[in-house]
Amino acid sequence: MTEWLPTLRTATPEEGYALAVRLARVAVKLTQPDAAVRERLRPEYAEDADALIAASQVVATHFATVAAANDYWRDRR
Amino acid sequence: MTEWLPTLRTATPEEGYALAVRLARVAVKLTQPDAAVRERLRPEYAEDADALIAASQVVATHFATVAAANDYWRDRR
Amino acid sequence: MTEWLPTLRTATPEEGYALAVRLARVAVKLTQPDAAVRERLRPEYAEDADALIAASQVVATHFATVAAANDYWRDRR
Amino acid sequence: MTEWLPTLRTATPEEGYALAVRLARVAVKLTQPDAAVRERLRPEYAEDADALIAASQVVATHFATVAAANDYWRDRR
Amino acid sequence: MTEWLPTLRTATPEEGYALAVRLARVAVKLTQPDAAVRERLRPEYAEDADALIAASQVVATHFATVAAANDYWRDRR
Amino acid sequence: MTEWLPTLRTATPEEGYALAVRLARVAVKLTQPDAAVRERLRPEYAEDADALIAASQVVATHFATVAAANDYWRDRR
């Protein structure tokens, strides 16, 4: 992977959320580097409520970090 | 999706909680973009205690973030 | 639901804990609004150790938020 | 229950840990108030590695709160 | 148990991590005080990927607390 | 293990993420020190969506700690 995470700063909360989603996915890639296997697993967990909720939990944890890094975008008008 | 998260500020804790619920749901949408599939899964997990508790856990994590972003609504009278 | 969360402030840690329990339950209600279904699920998870522990985890996460909101009730004598 | 949580302050980290354990258990009691049922479940989860780890996770979350409430017992000699 | 947690301060991040591991294990001991049972469970979960990951999660939560208690060992050269 | 964690400081968020991945793996090694067993388990969980998501959750928790330790790399240009 080339540089994929130059900063935790984002212009908006929404971009921060998108970054959290990416942060959650990178760990999966690092544990399962084979894209073909990941593609095979995707439909499986994308139709499994438990897996969807668990994935949402990982995003929530990363979003907390990204939000803190951006001081909750408080200085935004 | 159009802009769905302009800010983490809410007027009240209750609106903050509602925002946490939305934050939890958006990750599910991003992982399973097909609304028809999500509709099919809904009755399944909405009648499964484990899934309901897991979903509540995601909301709790997001609520922590939203509450911090609002400085716990301390300046509210 | 009428206003159910006017503030995160509580007079005592104990009331803060009770609030955390309520915060955990509201998410379940929002995901499964049908009280009859919830009543049907209750005996099931209330006799399942894994579900009880998972529910306790959600309370722990909310209690962290409520405790921070109250500055850990430090100024209490 | 009579007053069971007058404060989050403890004299030592060890007492703080003990308090975290209690905080984890109280949520279980509130969800399953019947002591007889809890006694029946106990041997079951106390011999289940997954349940023991999950219970330890709840304690960890509460310990984080109690430790913060005590400013990590930094002023202790 | 004699005094096992006199302080959350450690000289290095590595010792802090070791402390987090101990903090995770103590809760298991308190829930299952019988060492013979714990020994019996050990090979079981030590060969179960899900249990290993869950145990690692508990360590992560405690490490966050220990790291904060040590101000992230920032003043270390 | 020789010294493996001299500091939580990293030059970039990306290196911080890599450190979080290592922090997640060390706990697994400490619980299952036998490298042969870990190798045997790896293909199993690397092809299991639930395990991949759970592993990603541990990384997320450690990343929060590492990010805080680095003050979110805010002073980086």
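Going in written order, the chains are labelled A, B, C, D, E and F, and every chain counts its residues from 1.
The working rule: contacts are C-beta pairs under 8 Å (C-beta built on N, C-alpha and C of every residue); 3 or more make two chains touch, one makes a residue touch a chain.
Note that the structure is predicted; figures quoted are calculated from it, not measured.
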item: Shared interface numbering between subunit C and subunit B [over half = same, under half = different]; value: different
item: Per Cα centroids, the chain farthest from subunit B; value: E
item: Computed distance of Cα centres, subunit F from subunit C, in Å; value: 31
item: Approximate Å spacing (C-alpha centroids) for the pair subunit A, subunit F; value: 15
item: Centre-to-centre distance between subunit F and subunit B (centres being mean Cα positions), rounded to whole Å; value: 27
item: Shared interface positions of subunit C, touching two or more other chains; value: 45, 48, 50, 54-55, 57, 61, 64, 68
item: Category of the chain touch graph - line, ring, star, complete, other; value: ring
item: Chains in cyclic order, anchored at subunit B, direction fixed by subunit C; value: B, C, D, E, F, A
item: Of all residues in subunit D, those that touch subunit E in their complex; value: 12-14, 17, 21, 45-50, 52-57, 59-61, 63-64, 67-68, 72-74, 76
item: In the complex with subunit D, residue positions of subunit E that touch it; value: 3-9, 23-28, 30-32, 37, 41, 44-45, 48, 50-51, 54-55, 57-58, 61-62, 64-65, 68-69
